[in-house]
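What follows is a set of structures for review.
Paired with subunit B in one complex and with subunit C in the other, subunit A is shared by the two complexes that follow.
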Partner chain A sequence: MALFGQFGISGSALTAQRLRMDIISANIANATTTRGRLVDGQWTPYQRKMAVVAPRGGPSFDTFLNAATQGKQSTVTQGVRVTEIIEDQTPFKLVYDPAHPDANTEGYVQLPNVDLAKEMVDMLSATRAYEANVTAFNAGKNMEMKALEIGR
Partner chain B sequence: MDISKVTSESVGPKWQKQNGVGNEQQGQRSFSQVFSTYLNDVNHQVLESEKLNAQLVTGQVNHLHEVTIASEKAMIALQLTTQVRDKAVEAYQEMMRMQL
Partner chain C sequence: MSLTVLNLLGRGLDASALRQQTISNNIANAETPHYQSQRVVFEETLQAALNSSGVGSFQGKRTDPRHIEIGMTTQLPTPTIREVKTIQNNNENGVDLDYEMTSLARNSVWYNAIAQQMNHEFNQLKTVIKGRG
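Entry: the complex of A and B
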């Protein structure tokens, strides 16, 4: 039903923010993981992950084609979606710790490029964005409930 | 709750048969047709919500908000249905009260 279009939009945003939150949790959990991936027999640390979001149902070829064949102009997006999860390419942190099993010959250990302060900021941003979408959802729901009161 | 019987038998085609001539001749859909497709939609929403609730209690739900959104959709759809029903019944009673 077209009546619930806005619910789908807010729902997709909630899903996207949940995924962002999952990624942030994974980053924090792996903040000290030195064995993230095996490259040529050498362990490299965990790389910080980030979500790339894009509007859903917006500027893709099939939407425009469908809109054109049906003689309608449709540019309203149907929410948001996570297109890919990319890895942060910033260099790893070097910490002097000769006793560490993954220390190199000079005694330095490569730690993940996860900055806990940055993750906390991202986490708050994801939480607030989730709340904002719940508020938008409730506002839309209240409008429909008010419409039901017409003529009562 | 499965209300498909209500929509297909008591609201839909029977009414059509009894009345014979509908608005279809002019290429329009009659109220009962519109209402029964709408009832099917509402039933679908309610069943969807029930399915998600069952998945929630058996631990198969990935996102909690999907469950709450489905139940909100079902609730609004059901309220709209009762509102439309009330109006239809009200109109019918108004007709019955008419002095001949």
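Entry: the complex of A and C
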């Protein structure tokens, strides 16, 4: 058993939640960006981004080998990690604004598929998750400090 | 006798530290799709081991450590990890964050209690060795 394993676990979660927060900030900042990417000479709006998370050090060859040779049922996975950042494939919003420089011939503008309410909810959830992980980290740290006092 | 108590307390600390690790991991994966929360099983197995060989039960005297034990076991159970199959979330995540946070607080206090008790045992030993208070 690794003595300081819990710090790595909570730390990985803090990193992951911070990355989620960065992505949410980018989504909110680009909520009205009509020139996100140039595709075949045509500007397409910014696409909403999302983080995909998975347990770190999940089922691997080592896990199964240990289970087979030492009879260990399962071990603690080592935290969480962001495996990829994907783009939301929902259609863009169409707004009638003929004066806009990116309006098409009918006067409609394609706006990013960013929903501000959704981003706010995600932001709250990321904040709370971050706080929960900080609490877990502090609890673990206090336990280690207590262990150092044994036998003093 | 005192060594047995220290062994017991040490194993208790092990279990508590492992539990802290699993709780941290559960909280870290509170929003991971398809993740199932893990629990540490120790106290029940320890209780069962103590009950089957506890105080008052028959105990064989051994004159050699290689003899087969009868009664009181010196083999303490090791803490094991078990996965709980529940669904708390739309993405098939099984972490109950309220439960994890309460477990975290309880486990922290529990660890401190065992550490304190261990300190007490060592202080008693110190007193015996020094021969004064």
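Note that the second predicted complex is superposed on the first by the 133 of 152 C-alpha atoms of A that agree within 3 Å, B and C clash if a C-alpha of one lies under 4 Å from a C-alpha of the other, contacts with A are read in each partner's own complex, and residues count from 1 in each chain.
Here is the rule we go by: a contact is a pair of C-beta atoms (placed from the backbone, for glycine too) under 8 Å apart; a residue touches a chain by one contact, two chains touch by 3 or more.
Here the structure is a predicted model, which is why all the values come from computation and not from measurement.
By the touch criterion defined above, A:Pro55 reaches subunit C but does not reach subunit B. In the superposition on chain A, A:Val121 contacts neither subunit B nor subunit C. Of the two partner chains placed by superposition, subunit B and subunit C are both touched by A:Phe137. In the superposed model, A:Ile86 makes contact with neither subunit B nor subunit C.
Ranked by how many residues of subunit A each touches, subunit B and subunit C are led by C.
By the touch criterion defined above, A:Arg18 lies against subunit B but remains apart from subunit C after alignment on the C-alpha atoms of chain A. Contacts of A:Ala29 after superposition on the shared chain: neither subunit B nor subunit C is touched. Contacts of A:Ala129 after superposition on the shared chain: subunit C is touched, whereas subunit B is not.
Once the two complexes are overlaid on the shared chain, A:Gln6 sits against subunit C while remaining clear of subunit B. Residues 1, 3, 10, 137, 151-152 of subunit A lie at the contact with subunit B in one complex and at the contact with subunit C in the other. On the side of subunit A, the complex with subunit C involves touching residues 1, 3, 5-6, 9-10, 12-13, 16, 53-55, 73-80, 125, 129, 132-133, 135-137, 139-140, 142-143, 146-147, 149-152. Interface residues of subunit C, counted against subunit A in their complex, comprise 13-14, 16-18, 20-25, 27-33, 35, 38, 80-83, 97, 100-101, 104-105, 107-108, 111-112, 115-116, 118-119, 122. Subunit B meets subunit A in the complex at residues 41, 45, 63, 65-66, 69, 72-73, 76-77, 79-80, 83, 87.
Partner subunit B is touched in their complex by these residues of subunit A: 1, 3-4, 7, 10-11, 14-15, 18, 134, 137, 141, 144-145, 148, 151-152.
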